[in-house]
Amino acid sequence: MLELCDVYKTFHPGTVNEKKALCGLNLRLGPGEFVTVIGGNGAGKSTLLNAVAGVWPVDAGRVRIGGRDVTGLPEYRRAAFIGRVFQDPMLGTAPDMQIGENLALAARRGQKRGLRRGLTRAERGEYRDRLAALGLGLEDRMTVRAGLLSGGQRQALTLLMAALRKPELLLLDEHTAALDPRTAALVLALTDRLIAENGLTALMITHNLRDAIAHGTRLIMMQEGRIILDLAGEEKRRLTADDLLRRFSAAAGEPFDSDRALLADD
Amino acid sequence: MGFAEYLSSLDPQALLQRLPGYAAQGVLWGVMALGVYITFRLLDLADLTVDGTFATGGACTVMLILAGWPAWAALTAAVAAGLLAGLVTGLLHTRLGIPAILAGILTQFALYSVNLRIMGMTANKSVSVDQYPLLLSSRQIPRAALIGVLLAAALTALLCWYFGTEQGSALRATGSNPAMSRAQGVNIDAMKVLGLMLSNGAVALSGGLTAQYQGFADVNMGRGAIVIGLAAVVIGEVLCAALFRRGAPFAVRLLFVAAGGVAYYLVVGLVLWLRLNTNDLKLFTAVIVALFLAVPQLQARRKSSFRAADRKEAQPRA
Amino acid sequence: MKKLCCILLALALALPLCACGRSQSSASGAEAGAQTAPASASGAASQSASAGKSYVIGICQLVQHAALDAATKGFKDAVTAALGDAVTFEENNAGGDSASCATICSGFVSDGVDLILANATPSLQAAAAATDSIPVLGTAITEYGVALGLTDFSGTVGTNVSGTSDLAPLDQQAAMFAELLPDAKTVGILYCSAEPNSVYQADEVQKALEQSGVTVKIYTFADSNDVSSVTATACGECDALYIPTDNTAASCAETINNVALPAGVPIIAGEEGICKGCGIATLSIDYYELGRTTGEMAVRILRDGAKVSEMPVEYYADPVREYNADLCRQLNITVPDGYTAIAD
């Protein structure tokens, strides 16, 4: 479903701040795979997601989604195949528009937006049901501006929007990092449910080692723009956090030094 | 003369009689305020093109009417010219990466020369209501006011409908959260250009109407238009928020924006009626508008402020 | 607070729709496209011309400016001298904003003033648009035909508009070049592109100069910001400059002088104010006297019942040739007889 071939990306080339974010990255995701991505700060996790989403063009390599080559497409054109949830809960929804309008916007992702009604009555009914399934009481507040919701509610809404039209690929960029533990757990549970119900292919970045192990069918660890660990199936299921740390040191030749990953516990 | 004399010389009845004229002019500027609202509030862009586009609308309308076109056709052409001006600013901003404010200023500069050329290299062209069939004129204020209100209402309805469509929603989303809009497949650049075009089209319409109302188009008639437009938008929003605490529907908000133009001109009229030194007209208008806008802020402060909290803490609990 | 806002909003939205006001313009009732007969204009004029009545005159001045101020003062002095306490003036200044002219004039019309003095072109246009029955006298207007868009202007406007013109004979002004600066082969004409009167004067002076064999180049500036650079370009390419009665140039005369004097380029100005600042000579119109003439026309309309539609536009009778002694000395210009020095 997703294929990254030999992808390179360097930021600020030729200057003092030059950063080789992705170095010849290769990654293949089959349909239905739920991959968690972990790594230290500056490992290139977010860069990987941005390269897939098309936030900027890559320096070299090809990106394919669902078999089609999207390397030359800008972000808004790739959005037809991708659902995205950002780390910042404020980034995922339009604060000045109503919840219903936000969902309507997401429903038309990838389609040509014409002069038909932006939010029809039939749609409203569908969105009520979908919001009710979230269990957050949002279905009764569909005309409320998204900006008035709490971070967790906005993130849940963003998740729903991302999964609304069964995207070919779901990109989750540390989407629980800014939430309190209880809400984070709720959002993660929701993530699992949506992915399972819709059979989505997903790529999830997380700083929490336990979450990385507990969720998903495959785990990838990155460092300095490369994938240094790739575990799936039974191997992944039997992992513990300590295992992971040991494997990291072995693969990278140095201890895993992301404080957040080490200190997070829930 | 003494203060008492001055007070007694003010005639409230005269003010009331003048109000329809001020309101008629104000509602034409309300049309402009609707245009400014699109870029300033919905797209979150500061578009300074409007100073030039206003005069472009006036110049096109007057020249076409002088050439024998019917007034409504001339206005349509003026709107088209406004769309073009917005397109230029939009392309400068999105294709050439020039910041929106500067792109607007550049277009406005260029439009000065363009407007001069449209008017045949003269700075001022008059169009007399006695010789040409104008849509509205200061000669007949009630009719002018009616037409202004009808056009403002029609534009409000059109904008309401448009911003409820898929495309319109995408435009609003672009202004509200560009990152999210991109991720939802919205072409941000195209939306910005579209918004700028719509805005400047409305401003050109307002310019065309004003030129007919005052009987002439002048190359400098748009000077300071953005300030009036922004003042009208903010006044309208303050009034709307004061009356509808829980948020008003979009249509009502737009109507208030147009009413903000009327309110601004009423303030100008008040200052003229008070016979204050007219060299200070702009200063007094600014002061009154500022007072207007400060009222909700001051009210809120009266209810809850740091000083108040500090004082309360000092009192011993009984 | 809420109630107050409700009332204000209702007022704001309802006022445009209420057809109140005893303004004479709404009383005329005709469709906007109809031809208004001059009869209604003269009819209104004769109504207000009865002895022992008090009059209200609305004065709309475009911008604060020495020449315009002098014209207004002359007008008021002449009218007060003839009518004394019977007349009150409502003076308004549009602050250079042509849209304000429309606001001011519509205010006068709804007040029902007896006469409107329109000082400068946009004021005249706004007044003419706002009323077809109240007499409108213009002053400091150069060309009425151009200002009102009249195709065959023969000297009398024919509607409720008349007034005085500040147009000095342009051919005489052009002749001053031959008198004072016989060696000037290339003359530049400098004016503000936003001033409607300046183009007309520039064209006429250009024709006259070219007839006497001088090459003429045109230089325009958009506003006071580009005056210096445009003047510098002009001084580099020309032997002498001409500036018509341009309001913007008048307010930037010092700036122009700072560029032209060091460059040694003499300037002939269209009016005294500009000449004082940067010119060597001018064919001067006394704006105060122009205002007085307008005032006398107003008295004839109000007191004596003259019909404004039959009054031709009056031009200034005796322009005076003046020279700026200081600048002439600095630029080594010999001034022939027939010129008066400008008093400071």
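Per-chain residue numbering starts at 1, and chain names A, B and C are given in the order in which the chains are listed.
We adopt the following convention: a contact is a pair of C-beta atoms (placed from the backbone, for glycine too) under 8 Å apart; a residue touches a chain by one contact, two chains touch by 3 or more.
Computed from a prediction, not measured in an experiment: that's the story for all the values here.
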item: Graph class of chain-chain contacts, one of line, ring, star, complete, other; value: line
item: Chain whose mean Cα position lies farthest from chain B; value: A
item: Where chain B and chain C are represented by their mean Cα positions, the distance between them in whole Å; value: 30
item: Where chain A and chain B are represented by their mean Cα positions, the distance between them in whole Å; value: 43
item: For chain A paired with chain C, centre-to-centre distance based on mean C-alpha positions, whole Å; value: 70
item: Chain B - residues contacting chain A, complex; value: 162, 164-170, 172-173, 175-177, 179-188, 247
item: Of all residues in chain B, those that touch chain C in their complex; value: 14, 16-27, 66, 112, 116, 121-143, 145-146, 148-149, 210, 213-216, 218-221, 223-224, 239, 242-243, 255-256, 259, 262-263, 265-266, 268-269, 272-273, 275, 278-279, 281-282, 295, 299
item: Contact footprint of chain B on chain C as seen in their complex; value: 1-2, 5-6, 8-9, 11-13, 15-23, 25-26, 28-29, 32-33, 35-36, 64, 90-95, 97-107, 109-111, 121-122, 125-126, 128-132, 146-149, 159, 192-196, 198-199, 222
item: Of all residues in chain A, those that touch chain B in their complex; value: 53, 75-77, 79-80, 82, 84, 86, 90-97, 101, 104-106, 108-111, 113-119, 145, 158, 161
